[in-house]
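Structure provided below as structure tokens; questions to follow.
For clarity, chains are labelled A, B and C in written order, and residue numbers in each chain start from 1.
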Amino acid sequence: MVWINAAVQGVLLGGLYALFACGLSLIFGVMRVVNLAHGDFAVLAAYLALAVIAAVHVPVLWAVLVAAPLFALVGYAVQRLIIQRSLDISPLTTLLVTFGLSIVIQNALLEVASANSQSLPAGLLTSGALRVSGQLSLGYLSLLIFGTAIVVIVALQMFLARTSMGRQVRAAADDQETASTLGVNVRHVFGIAAALAFATVALAGVAFGMYSSFDPSAGPQRLIFAFEAVVIGGMGSLWGTLAGGVILGVAQVLGSQVDAGFGVLAGHLVFLAVLALRPNGLIPSRSV
Amino acid sequence: MAAAAAPVTVRVTRSRRPSYWTAIGGAAVLAVLASLPYVVYANVTDLLVNFIILLTLATTWNLLAGYAGLVSVGQQVYIGVGAYTVLVLSGSGFSPFLAIPLAAVAAGLASIPVSLLLLHLRGAYFAIATWVVAEAVGLAVLRVPSLGGGTGATLEGLAGFDPAVREALTYWSALAVGAVTVVGCYLLLRSRFGLDLTAIRDNEVGARSVGVRILSAKRIVYVVAGAGAGAAGALLIVSQLNVQAVSIFSVQWSAYMIFVALIGGVGTVEGPILGTVIFFILQQSLADRGAWYLIIVGTIAVVMAMWVPRGLWGLVDDRFHVRLFPVGYWLHGAVTNPGKSPET
Amino acid sequence: MNLATEAGEAVAMIGANGAGKSTLLRTLAGLHRPAAGTIHLEGRDITAMPPHERAAAGIVLVPEGRRLFPSLTLEENLLVGTTPRRRGAWNLARIYELFPWMAARRAMTTVFLSGGEQQAVAIGRALMTNPRVLLLDELSLGLAPTVVQRLYDMLPQLLGAGMAVLLVEQDVTQALRVSGHVHCLLEGRITLSGRPAELKPADVEAAYFGLAHRGGGSG
């Protein structure tokens, strides 16, 4: 029974990972770019929320209303000023530049905020739980995060499938040149996609900050988990990313049941196994 | 179509005058450096050891990224393998100094199975996968109590040495590693294999169509880079006398390699040298500024990547057409664009 | 070269491979920047305009090889054409009128359509932008002659509404049949121009292969 509880916790943890990963998946699916600073931006969002709460004394969820739109703007700017420019030079340049950005953000946070672990106050959410049975309880926070992940994925899918801008994004992702000759402003459209991705990063950062403690160097770990979720689930598919997140979460929680320090390593091993056996992931829509 | 011109004879040579001076100058520099332990205090030679560690890492990383097109963010796994190999061998009675080349070999061997797993991946997939491998190995090592676990392990085998002698021997080992790495990479790139690599870098499909075996070429480069990182790791543990899993398997090492490459330039032998010098100077002068040093260096690296993609040596090369380590070919006689350097 | 088109007119560019025909169309669409010279659309200088603005200005390209969007359904492919938001007679209903078979397949992916069907979708997609100038790049490539014929039979309808068409064709017979004016391109230069009715086949052949310029340094 302990194992079932662990598995369920893993599934819920997967929701958090999926929330992290859907921004990464969107950007990669559209532009073939991996932003190595993805995790650090999430941590930045958590610190931003902390600052907002300290300044204005509002509940955490209100801080999201500030962070998400702000990050959307930041994402648009980063895309058009930095990532697009790097893409124009070479795809490897985007890796190097975003890696540099990651280091800069981490150390800037270190200077501004100190290396101490912090946490976002989640109030009632942290302690409350839904008791399903004697040994199985679902934390309200975990449920909320999982629910948010589902809502975000649905919203992104609907954006891509039903809106004119979403259609332009998909067209530009397929064939930038042809799309541009039909009137699609590819750079602007990529900026919109990045804005959406960064908004989800803000959500993920705040969620993570409520779920566990964070410090300036927490970013790279989040990036790795997000990337593992995307790869396990299959590149280019948002629902695949959810599946990947869930599998990763379950692997990690079950792993730590086996032995306290083994959780993260278990996740890495599952990732490497998927890479070896099914490199396109479990629900591939694009190939590696 | 132009009327047929008289046939022009073309002479192809490998080197020009600057590189002869490089060879002579390099030997002289090496001789001077080798005599340093008799002349200066240990803090200077220690500094140089750290410089050479960085240089070795940067040169091999550049080989991987600049010539095989493989951006690895996980070379630190081989640094760790090298360091822990020395630890284990020293624990069995081996002299740590003699263990350094063995550590390089061990790291090279370790890179073979990893290459089988990862080399078919491209771009970001490859980069992050290398990072995950490094993280996974680091986590695994943490769980092995005999290797020190979380607190780290001390290198015992050098306890009997007089400190000055130990530092001098460390320094000379570092010189050897550095010289072998730089000269080795240069010779590798100058060889027929180097030509294959340049072809792969410039146009993989074209290279395959003329018979270049892409995967095995990449594998060779990956193994050489792994061995180089292993040697650097061995030097690290010998100079620091202890090792900690968390720090030696840290992605921070990759950050250093990448920054050096971006500053100095990727794709030439001189680039990593110039980049290491500048990075090292920055590191030393900003050392007491804490996190600012990485903020500044990181920003410089990002700016360089976007505005000076070929790095500072690229600028020098464009302007003065100098190659201290010539790996290309010069055409004499059929120059139609006098302003353009015919060397690649 | 100097090139001009008029509303309601179809101008054809013919020439061997590598003559520069597709490059010309792509430059007109904004995908290449000309080393020298200018491009004017209805009096406006569009030389510096990026491709997406040119589509908004009314010049659109049907690219060589169709290049439909594989992730989009047939209808979505057509709808991408509404991006420039130009006013005009063309909308989904009219496209489905022009190509009745499309309506039934509107929700399907275009990957499994035949070459001719894909070409029709590509044309429809371009028409949805309500262009003033339609650039057709190698329509006949990979298609059976009857299919090509049926596609070109549509042309008078488009021209009648005031559109100008600039088409690049490997198939010289088709080009001469459908256009009001033809240019022959060789190595980036126009070697022959004129109305198809007035051109002798021998002249066309000579200009196509560059035989007319023997002794002048080309061919």
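Everything below uses one rule, namely that a residue touches a chain if its C-beta (ideal position, glycine included) is under 8 Å from a C-beta of that chain, and two chains touch if they have at least 3 such contacts.
Quantities reported herein were computed from a predicted structural model and do not represent experimental measurements.
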item	value
Contact-graph separation of chain A and chain C, given in steps at minimum	1
Nearest-to-centre chain - CA centroid comparison	A
Chain centre separation (chain A, chain C; CA means) in Å	44
Whole-Å gap separating chain B and chain C, where each centre is the average of the chain's CA atoms	53
Intercentroid distance (Cα basis), chain B paired with chain A, Å	33
Touch list for chain B against partner chain A, complex	65, 69, 71, 73, 117-118, 120-125, 127-129, 131-133, 135-136, 139-140, 142-143, 251, 254-255, 258-259, 261-262, 290-292, 294-295, 298-299, 301-302, 305-306, 309
Chain A residues within the chain B interface of the complex	28, 32-34, 36, 82, 85-86, 89-93, 95-97, 99-101, 103-104, 106-108, 110-111, 220, 223-224, 227-228, 231, 261-262, 264-265, 268-269, 271-272, 275-276, 279, 288
Sites on chain A touched by chain C in the complex	164, 167-168, 170-171, 173-175, 177-186
Complex interface listing, chain C residues touching chain A	29-31, 50-52, 54-56, 60-61, 63, 67, 69-72, 76, 79-85, 125-126, 129
